[in-house]
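Input: structures, listed below.
Across the two complexes that follow, chain A remains constant while its partner is chain B and subsequently chain C.
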Partner chain A sequence: MTNNVVVRYIPLLLLAILWEIAPRIHFVDPSELPPLSAVLKAWWSLLLDGEGHTFLAVFFKGSLWSNGVSSFINWFFGLGGAIVIGVFLGVFMARYQTFDDVVSPLVKALYPMPKSALIPVMILWLGLGAGSKIASIGLSCLLPVILSTYNGSRGVEQTLIWSARSLGATDRELLWEVILPSALPEILAGIRNAVAISFIVLVASELLVGQHGLGYLISFLGEGGVYDAMFAVVVTVSALGFAADRAYLYFMRRTLIWRE
Partner chain B sequence: MERVNANWRRTLLRSSSVILLAVAWEWGARMHFVSDFLLPSLSSVLTRLFEDIVSGDILVGLGLTMLRTLAGFTIAAAAGIVIGITIARIRVIRWFFDPVVSVGNPLPKIAFLPIFILWFGVFDWSKIAMVAFSSVFPVVVATWAATESVDKYLLWSAESLGVSKRQLLWQIVLPAAMPQVFTGLQIALPISLIVVIICEMTMGGQGLGGSMMTSMRFADSPGVFSGIVAIAIVGSLVVKAMELIRKRLLVWHEENAH
Partner chain C sequence: MTSSGISFNGVSHTYRPPRGRPVLALDGVSLEVKDREFVALLGPSGCGKSTLLYLLGGFMPVETGTISVAGKTVTGPGPDRGVVFQNFALFPWKTVQQNIVYGLEKQRMPKPEREKRAQELIELVHLEGFGDSYPSQLSGGMKQRVAIARTLAIDPLTLLMDEPFGALDAQTRTLMHEELLAIMRRTPKTVVFVTHDVREAVYLADRVAVMTARPGRIKEIVDTKPSTGSRAEFIHTQEYTEKVDYLWNLVRDEAIKAQGEH
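Let's turn to the complex of A and B:
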């Protein structure tokens, strides 16, 4: 088993070795691709450089921590808000025909819009701080969550609803014990899309404007020409995105375990 | 008669939200509930959009944006389909790409943008490369899954009839995998558009994203809003176009049976 895992990931190891060697032997320009060891060293010093400016800086000195915390706050509130509001609206649309008739054309018209186009409008409305980022992330993630909840709740078998009703379920019980559980697989799949979108919009909005966040750190280091540190932050953001997706996948499988 | 009436009411109801939003936007802006800067009236935004179309400004931007999108998307599609098929059929390739794809697919590729700027400069190539890099993974994953799931009986019967490897690929594997591959492309194209707009916003210059950012910096809010309207229209046209192409291309497939 362990042996299998090792063999499986050998290609990644090879790529890492290539990353180390190619700049060292000047196969590629080291200023354009710093060797892996230099990037790791820069990463370590970013953890400890003591430029923190949040309340947590007392414990975690280092620009990676402080910017990571601001990014996390934007991400958490943007995505969290989108999930709560999106599930609520999606269920509501699926349950009430009139509401559905009014709202769904709007949702469907806006769904294919490239989400990144919202960022400048949000900056215009909410300024350069965290508000515009949270709003951009929230609005971008909202539509996938609404649509998957809507489709999931519409797909609930009518016989399930009738049986629950005939057993005397109230509206609230019907929602929590019949509709939401049977719509759950689709809702969770929609949220997985939203997680991917949230990272794109988070990094993009921080790259564009502002003074905090990992995206800002990337562009700041890039403009300053500190490329080994810039690569270190890019690798960190990628690793976080990857970890978020894997953790979510694990959570999704655990949650849906009762479905065979 | 009642049926007709009900249908009318339904249509009216269905368009009411869009109409209501438009009216509220125009009215709210005219009553100055919020400043002109934060919310220019719908009519001024549409006038601006119309002026930009007539003067050709927006067409140049639109052309550049679409050119970058389609160039990157085409590279991603071609590379993704080739990689996907070879992963499914050649063992060494699968050994190499399997971990690369499973790690690369969920990465937030946009974080690599400054690296691509460093490597390819601030002009078209970095944008095209960024688009290709971001949208290649969904194509690979879809093509891989599609090629794996081609009906074994189809392959066996074709082989027993003595087709060559090349014929097997072009006449059996590719057509059978086509619907799923196309679904991958339909996922990849909106990603391409999102990414190209982010690239244009960060690097500035011409293109829909770039001009939106310029308008924002000059506090020209009708420009920002007309930009978002233009981008929204382009986005839905592109999605619609892919659906039409899918119908045309897969006309033989049972999904278009009725």
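Let's turn to the complex of A and C:
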């Protein structure tokens, strides 16, 4: 087990070494790709509100923390809203044919749309603040949640529904106690896709405009030419995305323990 | 004690697939099942025997004819008719214990009583020690015992069984037959048992209703109650063999007709 983990992270370690060496021996231009050690140093300074970094100490307003918090808020409400509304709509579509007939074509037409194309529209409608970012994330994450809930709810074994009915379940109990738990594996898989999409749209929407968030920080530092710090934020966002997926996977396995 | 006889009165059913022509699945089925009687519906696949059971369960609307249980016309599913399906239909996210108490929760039975009842049922179906297991951790025979326990928990007047042992291997099936008969001796119920297995029908049922190939009608009703002795002995008698042969000949023609349709 321990051995496996070590082996699995060897490629990452090699990449880190390469990242350190390549700029140092000028195999790549260090101003375009600062060595990893410089990036880590900048990252540390970002955590300490710019302390120990010439540029950050003078020009930097707000820390990695405060920007992280604004990003977290956008992400949380965008994704959370998408999950709540998506599950609701998905179940509703699966249960009511008329509603399905109206909504299904819209969902199917919107599904292949590039999610980032929504961002400028949301900015136009909702302005430059958090609202447009939450809406962009929410709308982008909505479709995978709707579709997985819809498929999961339609795929419920007929005999499970009949069993619950003959044991005395009401319509409401059927929904909460049979249809949703039965659809849960598919719903959770759909939400995992939504989590991945949420990170893409979060950063993209903050990159485009705004004065807050990790995406904003990346563009601010990039335009300022502070590439060590910019890379530090990029790495932070990637690590957060990776950690979110791992944590989610763990949660999903725990929740679906009955499938083993 | 309430009488829990079942009566089918001129029941027809047309199956309407989303695409294609409507198919007449059942054609004027009339059948009386007496209180505490065990009746098997025997017929080739596609003869509508399961459909008849689902209509009795109230899972599909009865369009032509009537079905009544204990004098009341069937209009929907209800806890007076317990159902056991071939695919077990256990809630996979619930443990054995949680599955068994589901119907009791719906009846608002207090928790201590529920747990006591679950324990009795777990003992009845010989699953001591598996209360906290999930269905995915059980064998087919064990799953079906949980399903039977879940249904018996709410103490229904009648038991509707749709090829309940069809997914089990031959040995497990034989053991389950014995167990079902033992359970029925302890808590007698009116049973309608759908099967395509002639031996199973003769061994378990008091009467066997043979159905024709589609559209399903009752072809003949055969008395299969052993004239003397217990069922365990019955299986070794000449009488049993003769009944099996007789019923097999009835089903055979229908099975051939059913095959010819494909």
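Things to note:
The rule is short, and it goes like this: the second predicted complex is superposed on the first by the 246 of 260 C-alpha atoms of A that agree within 3 Å, B and C clash if a C-alpha of one lies under 4 Å from a C-alpha of the other, contacts with A are read in each partner's own complex, and residues count from 1 in each chain.
Here is the rule we use: contacts are C-beta pairs under 8 Å (C-beta built on N, C-alpha and C of every residue); 3 or more make two chains touch, one makes a residue touch a chain.
Remember, it's a predicted structure, so these values are computed and weren't measured experimentally.
Ranked by how many residues of chain A each touches, chain B and chain C are led by B. When the shared chain is aligned, chain B comes close enough to touch A:Leu110, but chain C does not. Touch criterion not met for A:Val226: it reaches neither chain B nor chain C. By the touch criterion stated above, A:Glu157 is placed in contact with chain C alone, chain B being left untouched.
Residue contacts after overlaying the shared chain place A:Arg165 against chain C, while chain B stays out of touching range.
Of the two partner chains, chain C is the only one that A:Glu173 touches; chain B does not reach it. Of the two partner chains placed by the overlay, only chain C lies in contact with A:Leu184; chain B stays clear of it. Of the two partner chains placed by the overlay, only chain C lies in contact with A:Trp258; chain B stays clear of it. In the superposition on chain A, no residue of chain A contacts both chain B and chain C. In the complex of the two chains, the chain B residues touching chain A come out as 10, 13-18, 21, 37-38, 95-100, 103, 106-115, 117-119, 190, 193-195, 197-198, 201-202, 208-209, 212-213, 215-216, 221, 224-225, 227-228, 231-232, 234-236, 238-239.
Taken in their complex, chain A has these residues touching chain B: 8-9, 11-12, 15, 32, 98, 101-106, 109-110, 112-121, 123-125, 196, 199-200, 202-204, 207-208, 214-215, 218-219, 222, 227, 230-231, 233-234, 237-238, 241-242, 245-246. Contact residues on chain A toward chain C in their complex (touch as defined above): 157, 159-160, 162-169, 173, 178, 181-182, 184, 257-260. Residues of chain C touching chain A in their complex: 54, 57-59, 76-79, 81-83, 85, 87, 89, 91-94, 102-103, 106-107, 134-137, 150-151, 154.
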